[in-house]
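Quick one: structure below, then a few questions.
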């Protein structure tokens, strides 16, 4: 094939490819354990020398989100200035001058990312690879899977904690991302695994948020409306999981009200009924003066700190992963693909749909409860069409029918929304356009219908030489 | 006592009488055929037996139990497996998953096991998988066990559907045109498979078929259906020479 | 035909009965009752016009056009732009037009331009996804809606716009009931547009093609019906009606804001479903019904309860008539 307009000669490309292959081969030897050690060290580096390094690189502070904002926002500003002063050249120059100092920060930010995140991670991960490989193998061989899993989760949590410790902002973003993961995964159960289109997730979230908030405020907080705490506030944090679970159950009961009329017939009825349900929930809350009505409900104790949110997210991912891999869970995929055939193969289709839907609603409720106790304040306006668009976008961005996809979707969209914050209003034009393009290119999302087995994630990576004999290695 | 007995079954779609006064008795281990021109109501009879439609009148008795009014999944769990005329596979699932899912009603670990991944669940899943592999081996499709069905050739898909129906451990297997759309090679293979199923698993088979050769080869007795009514019943030889059957297929003033 | 007629008669009788029941149960005076009835007709005609667009798209292409509420908003703004522009031209003496002509021009031009917005939405957001799962198209619809809202905010700013008052409001007193010429005009024009659409769908070749597509969009394109043209036409027609609704809304409640589509659009969507898939009559009736419910709920109960009660009634109806008023039972071809 003729390569036109390419300045790179074939030989050069091949050399480039060879280098890339070599890098890829080197990286393929690192097990997950190694990567986690690397990131942990990187965050530790940031903890210890981040401040002074940032100062040395003449950055005002440690970059919040991997310096993405520092790099992108001047570019946006230039773009906006160009749009604003199309014909007014002096004005353009003047405004560009005000942007210039921001622009000067970019090299520093890039250097910071390289020095603090990328290099330490790569070096530690690669150097420790022989050790971590052996460790991963030993863990898997000698102990049950969950020991290794817990170790990985622990390391991951430590990384997150160190990273989030730098600023209040990071802590908040992290918890929002984790909550979004719960929401996205649970909605994916309905829209992906079950193939229905549910719009009531914000409603379930609101039910969970309000139910758990009422419980915690009633029992553990001195509130104007609910009066003195019924139980000593000291035991509150221990009862918090119970409040969340009750919130989830309340959401499940709400889901029952949606499920009973809509699962009698197949088709679009779930979409409409769940949409109406969402509006009803919002409107009912607005009419309940005791929980603040349209003004919102506040005074929730902020118990949903990072470890709590992380633990709940881990439990949610684990349970949904378990569920979707079991034959009972896969029955919902069978119902989605062909309901008649599912019935003829002994699958109780109605029960399957109910169970999946209620389970999804439960997690939406838990996510709502966590959200309420992160913010310490909720109002019904939060749980409307915008939230629905957001969660749906996360599900379809990440990919239907995929646990990893949902995690990626929640993470991706949440980060995107943060990174594009300097765009202000235009953010809500750029993100939808990106999503539309994505939908046209990949209608089922980025990582749809892909399963990653935990065993595969945790397993040691062979060195390249010996991997040739092992089939299925180093895909 | 016959395994399955259908007594005076009649079914209306609105004002249209699709099946009229239909009777059937299948003994264990028997292979029975159901033939008839297009639109005679053959598939409707299958749908009535498997509970997709509820008969307007009549009884369907399996092992002494009346099936009328039960949901399709309950009837399937009682021991009637089926395949469909137009393949009804689950397009995003693998062959192995198909076969495993057909054992849904026999799973004992329940929701708790599914959610929390108990040891019992893994043991049971392994057991189901083991059985599924054996079944796939018997059908000769174990090499595609982990492929998504939509990518498989047509003949293989037919076999997947049959393996799936067998995995629910039916006492009676309903095959709706098992050889439809197959090339001659696939056809002989399929006939072989059906024979093997009958011989090795010893279940009763009731099949709808358009290819006379297949029906004549496989079935002990054959029913001929026309306009929802049985017009002839007997051994292949009897059916072949029955003038009413010839009429039904070729028309009354059929080409001489 | 006989069956259809029967349905129409039955539903009219039903509506009358419900209205009579509300009248008796609420204990309103006849005067205030008729006042509310008139308001309900006007309010319902917005819903009905918008619901028609949802219903047509849903009927022909089996899609939820989640951007339709925002097309209503765009239509209102286009109408506002044209009307303000023409009034300004008249003020400067460049193009002095009588007010009624400005109104007519505004309605016609806004419908014309908005139909192109609708076709653009179809071309950009829905056509590339026709083979994709329908849910993905729903996502693009939601996203286009957000783009339209935010785009409006970015271009015109957050302040509310006032629709120029083109007709001098005249109030007629029929006994204790007050009637304004604006209300009568809005209701009359809405009914006229609906009737026009009905005739278009029943009598023209294009209308027949649309009905055929609604019946089966897999086979019909194979019969030589140009699917893309029909899809564009469906979106165009629906958007034109939404634009008309937008202008009427602007005339009746002269405040426009970028998020007005959310407020009205989603409810109209639910009304469209209530009417039954692809049923023009159903969508119109359901729109008016929703108008009645909302106005009377607000009249009898605290107005904050309006949404709860309206949606609950809809849920109740859908529970017992899952296919809406005039929808045929069908099995959705879920293309996942």
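For reference, chains read A, B and C in written order, and residue numbers begin at 1 within each chain.
Note that contacts are C-beta pairs under 8 Å (C-beta built on N, C-alpha and C of every residue); 3 or more make two chains touch, one makes a residue touch a chain.
Please read these numbers as outputs of a predicted model, since none were measured by experiment.
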{"item": "Co-neighbours of chain C and chain B - touch as defined", "value": "A"}
{"item": "Per-chain CA centroid nearest to the all-protein CA mean", "value": "A"}
{"item": "Farthest chain relative to chain C (centres taken as mean CA coordinates)", "value": "B"}
{"item": "Whole-Å gap between the CA centroids of chain B and chain C", "value": "50"}
{"item": "Rounded Å distance between chain A and chain C, as computed from the means of their C-alpha atoms", "value": "37"}
{"item": "Chain A-chain B separation of Cα centroids, rounded to whole Å", "value": "46"}
{"item": "Of all residues in chain A, the ones touching two or more other chains", "value": "336-337"}
{"item": "Contacts with two or more other chains, residues of chain C listed in rising order", "value": "none"}
{"item": "Complex interface listing, chain B residues touching chain A", "value": "50-52, 71-73, 76-77, 81-82, 84, 88-93, 97, 100-107, 109-111, 113-117, 121, 125, 128, 164-165, 167-168"}
{"item": "Chain A contact footprint on chain C (complex, rising order)", "value": "64, 124-125, 128-129, 132-140, 142-144, 146-147, 149-151, 153-154, 262, 266, 269-270, 273, 302, 304-308, 311-312, 314-315, 318-319, 322-323, 329-332, 334, 336"}
{"item": "Chain B-touching residues of chain A, taken from the complex the two chains share", "value": "318-319, 322-323, 326-331, 333-334, 336-338, 340-349, 355, 359, 401, 449"}
{"item": "Chain A to chain C touching residues, read off their complex", "value": "191, 195, 197, 261, 264-269, 271-273, 275-277, 279-280, 282-284, 286-287, 336-337, 385, 388-389, 392-393, 396, 400, 425-426, 428-429, 431-433, 435-436, 439-440, 443-444"}
